[in-house]
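Next up: the structures, one after another.
Each of the next two complexes has chain A plus one more chain, namely chain B in the first and chain C in the second.
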Partner chain A sequence: MSNAQIERQWTSRLRRSVVEKLPPDKLLPDTQPAYVASWIYVFGVTTMAALGMVIATGCILALDGPQWWHSSSLGHFVNSMHLWSVEIFFFAMIVHLWGKFSMAAWRGGRSLTWVTGAVTFLASILAGFTGYVSQTNFDSQWIATQAKDGINSTGGGAFFNVLNLGQMLMWHIVLLPIAAIVLTGLHVIMVRIKGVVPPFEENVEVSA
Partner chain B sequence: MAQGWGLGALINLDHYGHYLQWHVIQISVANLIVIVLMVVTFVAALLAPFPGRRNRKGTK
Partner chain C sequence: MTKKSFRPDVDAPEYKGAYVPYDIIKEGAIAVLVVVILTAALALVFSSPDERAVTIKTWSNADAVDFAQTAGNELAGTSAVANYGAPYNSNGTSQHWGFLSPEKWVGVHININTTNDFVINPLSAQPDQPALTAALNEWKSASSATQAKWDDAFNKAEPNLTYVNGQVHLPTTGAGPIPVLLNFETAMARSGALDQALVTQNGFYTTNFTKPLLFISDGTYFAGLAAKQHLTGSQWGMMNETGQYPGQAWLWLYTFWYQVHPYSTSASGDFLVWGTMMILTALLILLPFIPGLRSIPRRIKIYRIIWREHYANQA
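On to the complex of A and B.
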């Protein structure tokens, strides 16, 4: 195979495109701009750390199942860790959202960064709702019976039945975690490609 | 059965939630506290000095 043929391969073209858009020093930079030295910039990574804890505790809950997390002290502990990491996840994500909204973080061609973040937020809310109805206790039964009226009023009940525990649990532990992880990955890649949005004054153009 | 201890013993959560109502708006005190904490955290994050910020001036 000639060099020209190798260069035309989809693997070669994909590799060149990825390296061009996201060279290693941009993917894992050694330094950040000076304006990033502010507490408002820590909430994105706080959200990701909490997401990691949510997934880790969720995996432990999946190992032994509802009977375990309802009846044993260790199960209660891991269940509580799952709940509180979710609380921190949403808390940090909301502060991150307010911070980025106040910076108009979609500036400078960062619209996809903003959109992937917004869709991640929506997927996370859905993951939270399906988590409520997957607890397998009276709380989840109450929430599901209330939620069904809301869902049915939209016509979505035919496809998304909140009273169907199996369906809700599968959404909660398979589909929505995959969506949240993939979207978070895309969001971080977009941040790395476009960089962290600068403060407003850094964007001012000085006319001659 | 082992019941909550430590922080759970300091704050008794074994009761119905408290709610605030203003016309059509109703919110639990717990949710209101979380929202207030988020606002306080947001403002503090904007105003609180970041460690080592002075040394970083000019850093790319």
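On to the complex of A and C.
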């Protein structure tokens, strides 16, 4: 096989494209622009750390099934960690969102970074909600019976039945975590490819 | 060839300033450590709520009158679920805004007939008891007009229904077999058999609690417990959870609409709230592409606080 043939292979093309768009020094940088000097920047990585904690505690809860935590003090503690990591996750994510909004972080060809971040936020809300209705306690009963009316009014209740524990649990522990992880991965890759948005340049002529 | 003009809300200036050392792995490790410590501390100090689930057994033992009244309404087809509409049945008025009514367009997908699903079928599965069998036969063989007459008599007597010495007393003689059916239904509920009957209608294995949850939600007992825990719609509803916990605080905007007119008073309030939230969600996702909205950050200048060192060095 000639070199030209090798260069035309799908694998070769993909490798070239990945290395070109995301060289190692962009993927794992050891310097950053001096303007990245605010506490607001820590909330992105905090969100990811909390997501890791949510997944880790969720995996421990999964070991003995959805009702283990009602009868085990260890299970209840792990559930408490799951709950509080979710609260930290959303707190950090929302601060991150407002921070990025304040910086207009979509500038400079970063629109898709914003879009993936916003969609991740939505997927996370759905993941949190399905968790709340999968607790198999009074909270899950009440939240599910209240939420059904809103979802039913859109026609979605026919397919996404919040009163069906099995369906909600599967969305919570399989489909939505996959969505959240994939979207977060895409979001982070885009941040690494495009870098952190630079500050507004003041005293420039503004065009419509 | 004209040079493309710089759009400050779309384009970003090229950064030609200084770079500083940055250890991304160390930053990530510190974030993980902080989150682990913070999560464990919050879990140890505040724990998490776990109020036991309500069952039909606990409900009917705690408030037999409310249960029997609700069961009667399910039998008579006058309960909220019986008249809900899609996706459970076609008895109700679908929520809509103008000609938009996706609930109606999608139609019935989770068929619930409260008369049969909540009362007649569970009672029919009970071991043979002559009085129950006779009452069931009387109900099943009656014409719709006769059943409607019995239902009407039940509806009039229902506010005065009592439960004394393990018996449901309905002060009317015109309700046909309904008092007997409610007596057996209440006894079945108080024993716990109705809980089981409602989830096993589709076979041995089940993870679907649609029927018992809809039944429970039709009574006033369940809503009363929620009101005590500040969980009803007018108390910012489902974003809360039992006890003093933050709940789904991130749903505040969704829950907010339910507190204000016209959402709080419209018969299609749920649909209006969801429509509003869908529009706001689309605006959030597409913000970078919407002129005017994407200029807000530049105009409100919060970025000057974030990048204060950068601008101070420029001055």
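Just so it is clear, the second predicted complex is superposed on the first by the 200 of 208 C-alpha atoms of A that agree within 3 Å, B and C clash if a C-alpha of one lies under 4 Å from a C-alpha of the other, contacts with A are read in each partner's own complex, and residues count from 1 in each chain.
By our rule, a contact is a pair of C-beta atoms (placed from the backbone, for glycine too) under 8 Å apart; a residue touches a chain by one contact, two chains touch by 3 or more.
Keep in mind that this is a model prediction, so the values were computed, not measured.
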Taking the superposition as given, does A:73 touch the first partner, chain B, the second, chain C, both, or neither?
first
May I ask you to decide whether A:152 touches chain B, chain C, both, or neither, giving the answer as first, second, both or neither?
second
Between chain B (first) and chain C (second), which does A:166 come into contact with in this model arrangement: first, second, both, or neither?
second
Pick one for A:11: touches chain B only (first), chain C only (second), both, or neither.
neither
Contacts of A:3 with chain B and chain C, given as first, second, both or neither:
neither
May I ask you to decide whether A:137 touches chain B, chain C, both, or neither, giving the answer as first, second, both or neither?
second
Output check: A:95 vs chain B and chain C. Expected answer is one of first, second, both, neither. What do you get?
first
Does the superposition put A:31 against chain B (first), chain C (second), both, or neither?
both
Per residue count on chain A, the busier partner among chain B and chain C is C
Quick check on my understanding: which residues of chain A belong to both its chain B contact set and its chain C contact set?
31-34, 37-38, 40, 42, 87, 94, 99
Parts of chain C lying in touch with chain A, wherever the complex brings them together:
5-15, 17-25, 27-28, 31-32, 34-36, 38-40, 42-44, 46-54, 86-87, 95, 102-103, 105-110, 206-210, 213-214, 216-217, 222, 225-226, 229, 231, 233, 237-238, 241-242, 245-246, 248-251, 268, 270-271, 273-274, 281, 284-289, 294, 296-298, 300, 302-303, 306-311, 313
Given the complex, residues on chain A that touch chain C span 28-38, 40, 42, 45-46, 48-50, 52-53, 57, 69-70, 76-77, 79-85, 87-88, 90, 94, 99, 101-104, 106-111, 114-115, 118-119, 122, 125, 128-129, 132, 135-147, 149-159, 161, 163-167, 169, 197-202, 204-207
What part of chain A is in contact with chain B in the complex they form?
31-34, 37-40, 42-43, 73, 87, 91, 94-95, 98-99
Quick one: which bits of chain B touch chain A in the complex? Just the residue numbers, please.
2, 34, 37-38, 41-42, 44-46, 48, 50, 52-53, 56-60
